[in-house]
């Protein structure tokens, strides 16, 4: 598992308590802590949204999130990274992801937290289906993971969902 | 006051509860919330530190922090900025500053939170005296505020404390 | 000796194929690319899968030339949208 | 008519001057620069204040050519270290 060097990392259906995630980082050496919270919002590309379903390739997502967190820990220079990603049906305002980091100086915390969320969006095998207020639904347009034929070979062809 | 457009902004001796600061931001429109927490750490430039005293020019610091928060709100595109800065004697691990922001998309939240802490360090009339574990103490080397003779005229001369 | 692998389909690909898992027999020495070709050669609905998809072999992203082993778990990964 | 202003000293400047506040009389039309010169001209400990300090007039940072008004609050601001 890639998450051996970080404090906490999980993907699953349990409700996320961002405060609890934040409480896992921090140390007497650290002058900065940062918490990023991703929340289901009530609109997408101008369309009113009533909720969101998160599907995941659970075993792989757990492994991949551990690797992302481990890479962030290297940037951070500490093992103080805690991250949770939720799956299942979420309502507006519910937390989909929480990322907490801490470090002696602030720049590393900002860089590491930003890295984790950007890599999640690029690599984590998770998919969102938006429920629109008009009763229809649709998969959120995603990103092609690096290190795959879709990324290197036929981006234009494979980069859109069928 | 410059803080008319933001949710909350204060400077003073009250203990900061970062969770309470975070709880003030957020909206059904927002997909991202960010909390930055500054904490007194146990070392400074390699020297063991036992505590820190924060002095402030209180009336001006309150006004200046309001202006900084207002500028961040413009970057954010929302009024959802809450920030508290503490004064007085702080122990290791105590929170000196908490900055919470939220916005529809994550990039704005990262940029706005970073802006607030960077501007605080440049402009807020606050000074720190470090108490070292060997019983001595010293003022933390500071930054020269822009828009002053010290910044434009004689930086080299006035940039160090006497 | 034929090679048996488990193929997984997620999200839009699961809806497209109408199944979340499929066991596939391949010749020994087959690669990810061979699996994709074999499936697409079956016609509808599989021919709607991309010829150059994002694939994970045993939970790690892989290119088309990745060789497959007995019992491998091969996932077709639609564009991802976590966070 | 003489101009009376309140001068404030913070942190290291307060320790240097040995006071946190000082009332100063200046000539009408005096600027921030005139106030700095008047104080430094008094000799020790004031001559240790920088000739080009960071100054705030009524809670706003100001340059040396800023004109002063009756009862203004003029703060000598050492390099700041919030956060």
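Order of writing sets the labels: A, B, C and D. Residues in every chain begin at 1.
Note that in this section a contact is a pair of C-beta atoms (placed from the backbone, for glycine too) under 8 Å apart; a residue touches a chain by one contact, two chains touch by 3 or more.
Quantities reported herein were computed from a predicted structural model and do not represent experimental measurements.
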If every chain is reduced to the average of its C-alpha atoms, which one ends up farthest from chain A?
-> D
Cα centroid separation between chain A and chain C, in whole Å?
-> 25
Distance between the centres, which are taken as Cα means, of chain C and chain B, whole angstrom = 51
How many angstrom lie between the CA centroids of chain A and chain B, rounded to a whole number?
-> 27
Pull out every residue in chain B that's touching 2 or more other chains.
-> 38, 106, 117
Touching two or more other chains in chain D are residues 83
Chain pairs satisfying touch are A-B, A-C, B-D
Parts of chain B lying in touch with chain A, wherever the complex brings them together = 18-19, 22, 26, 28-43, 92-93, 104, 106, 109-110, 113-114, 117
Counting only contacts in the complex, chain D reaches chain B at residues 8, 10-13, 16, 32-33, 48-56, 59-64, 75, 77-83
For the chain A and chain C complex, residues of the former touching the latter = 38, 54-57, 59-61, 63-64, 85, 96-97, 117, 120-129, 139-154, 157-162
